[in-house]
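As written, the chain order gives the labels A, B, C and D, with residue 1 at the start of each chain.
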Amino acid sequence: MKALVLNCTLKPSPEKSITQQLADVVTTQLRELDVEVSCERVVDQRVLPGVNDQMGPDDDWPALSDAVMASDVLVIATPTWVGHPSSVAQRVLERMDSLISQTRPDGEPVVWGKVAGVVVTGNEDGAHHVISEVSGGLVDIGFTIPGQAWTYWNMGPGPGPSYGDTDHGIEWSRNTGITMANHLHAVATALADLRVDSSSASS
Amino acid sequence: MKALVLNCTLKPSPEKSITQQLADVVTTQLRELDVEVSCERVVDQRVLPGVNDQMGPDDDWPALSDAVMASDVLVIATPTWVGHPSSVAQRVLERMDSLISQTRPDGEPVVWGKVAGVVVTGNEDGAHHVISEVSGGLVDIGFTIPGQAWTYWNMGPGPGPSYGDTDHGIEWSRNTGITMANHLHAVATALADLRVDSSSASS
Amino acid sequence: MKALVLNCTLKPSPEKSITQQLADVVTTQLRELDVEVSCERVVDQRVLPGVNDQMGPDDDWPALSDAVMASDVLVIATPTWVGHPSSVAQRVLERMDSLISQTRPDGEPVVWGKVAGVVVTGNEDGAHHVISEVSGGLVDIGFTIPGQAWTYWNMGPGPGPSYGDTDHGIEWSRNTGITMANHLHAVATALADLRVDSSSASS
Amino acid sequence: MKALVLNCTLKPSPEKSITQQLADVVTTQLRELDVEVSCERVVDQRVLPGVNDQMGPDDDWPALSDAVMASDVLVIATPTWVGHPSSVAQRVLERMDSLISQTRPDGEPVVWGKVAGVVVTGNEDGAHHVISEVSGGLVDIGFTIPGQAWTYWNMGPGPGPSYGDTDHGIEWSRNTGITMANHLHAVATALADLRVDSSSASS
């Protein structure tokens, strides 16, 4: 089983991404479950604005899209800005928009049988909304969202510390992240035939 | 396999519910797939405000909660008001809130392995947001949302006709509803062992 | 100047409403500014489901609607449940829906020139989304939302204490509530003529 | 009075922006009211990811931020993608995030007294949610949102035509856009002293 994490932080490498730090709880547990995990920091690549598969000769999205299609499990990891998913996360959803109208030979969406979850960090409030926004988009595209396939860390009210700045809630976020990985793995395992059907149908 | 439709229209019986009319596309297809379907019109019952299992001696929620727990598939059908899920749909989510903290003997959420989808009607705009809001809540509680497990009908811009008042888009909404039923059935079938594990664990 | 607070807690009197406790920060400051403030606990009244002015002989909404129309400032105070405004808050928005299509003799919405703000409490996360949902509905109906006319208290991540259970963030929420009251008062004062035009036009 | 329209289409010049076409209804009416209007197509500029005033030597945001600060009225015009504001609109909100913590000498937010509204286009559904998301962010930053200071065009259910492809609803969207301009102008006029206080206080 393969998983892909798209880290949608606004910070280019080599800046530290605390969103990646929380995502790493999920990737560690996925690897414990023998899932092959790769991570991409989207802001380091050139993902052009638009809603087509390819938006120009120097567009890095096609390679990321191939990575999505090669995975059984997709994790969107995003910070919270102004209470919303980051502009990079929204860019990723926009670029996946072209997948909505693509179908497999059996008529199912091209991502049918793939599962997805969401990791959110922030320095104030808004994680559940970010999870709903991103999950809603992923369901539109055809991903299945397992129950409680998310984790987050923030601390209201008002602007405050970031993940890792304080011990408050760290254990809850980590435990919730481990559950997320377990749920992604369990549902992706159960849906394997829905993906297999696709492969055989299209070959 | 059993499915439960909670119709969250604001209109008590015997008024016509157009939300039920679109939900019926889904129930008809579920029955084609040999799913046993029951529908409840929530506004006809006395669902008291609160977030506990039982909020008083004349509270009708416990019977509805039992029906949720006895089902493999849950469909929330709701109109769109002021761009949001109806107050009745939000009441249902609030009453299911108490399920979040309940776990099975194996540590999984009590609704683990159950799948859910959303049917939305409206006379203007807002269906995708309503789907995200309701799906987000259901994922919190532990339901799995299959890809594209929703349908809706509305017609922007501005206030306009209701579902059934015009032919515009009816076929799209019906076809999308049939796909929704197929997706709920396929994922609920694939997740059967996750639910079975629960039954055996708790008996 | 008159202000009305609609407390949308799920808890009927005489249970303690912590949402009211945070709202009281705002009402105290409004009274300092010589605003006449009244508070209604909506769940104590019989607000029937529907979107018309009156939904039956025992419907308490018409009196609440009159109170809205008699006020210059409206505050919606709501807890956060499943990340959303309470079902009682959504019920209030649904009942105000009928105001959208009503206009003054000068063609303006009947609430034109009135201002509104939002107070949110919760035991986890979600306040900014609740503020956006409620504010968005109020803007549709025709209320003006002054900048930073909100306050909230919650404390993520995961389920935790309620407002008043800990000192964390209390001062921030109180200071933000005082600013909210000042902003509601300043904008309501500036918009007085927009409301006066209405009164003279309709008399 | 000065107004700034930030067009957050994903399409770079010289491609036709239909979002601009609907925004032009608003700008035409603002000019009728003697407002000086300028429009910026954000995607044509290099607005770097981040939440600081300046994110690098080749960052075009500082000039756009200056234009925001020089305006009395801000209009965010955005298409709807995956049911959300565009990634360009979210980028703009993220870059304005640094304004939240800046205050005038009198303690008010630096945009205090400025008003804002939202124009939305789309080929399916989602305008009211986009309006709530963008307005919610703008209120956080300190902008005042006049009642009904928005317009939109879309046409559900399912993917369909774009603004201008059909006559359906065009007149409603145009009339609503004219009302939006009138409301922005009326409230910006009423709040002039709130802005003037700022100028005198900071000079």
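Convention: a contact is a pair of C-beta atoms (placed from the backbone, for glycine too) under 8 Å apart; a residue touches a chain by one contact, two chains touch by 3 or more.
Note that the coordinates shown come from a computational prediction; the quantities given were computed from them, not determined experimentally.
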| item | value |
| --- | --- |
| Touching chain B and also chain C, the following chains | A, D |
| Centre distance in Å when chain A and chain B are each reduced to the mean of their C-alpha atoms | 25 |
| Approximate Å spacing (C-alpha centroids) for the pair chain A, chain D | 29 |
| Whole-Å gap between the CA centroids of chain B and chain D | 36 |
| Chain D, residues touching no fewer than two other chains | 83, 128-129, 132-133, 136-137, 140-141 |
| Arrangement of touching chains [line / ring / star / complete / other] | complete |
| Chain C partner contacts - residues on chain A that touch it in the complex | 83, 124-129, 132, 152-158, 160, 169, 172-173, 176 |
| List of chain B residues in touch with chain A within their complex | 109, 111-112, 114, 128-129, 131-133, 135-150, 186-187, 190-191, 193-194 |
| Residues of chain A touching chain D in the complex | 10-12, 43, 49-51, 81-88, 90-91, 93-94, 96-97, 101, 133, 136-137, 140-141, 159 |
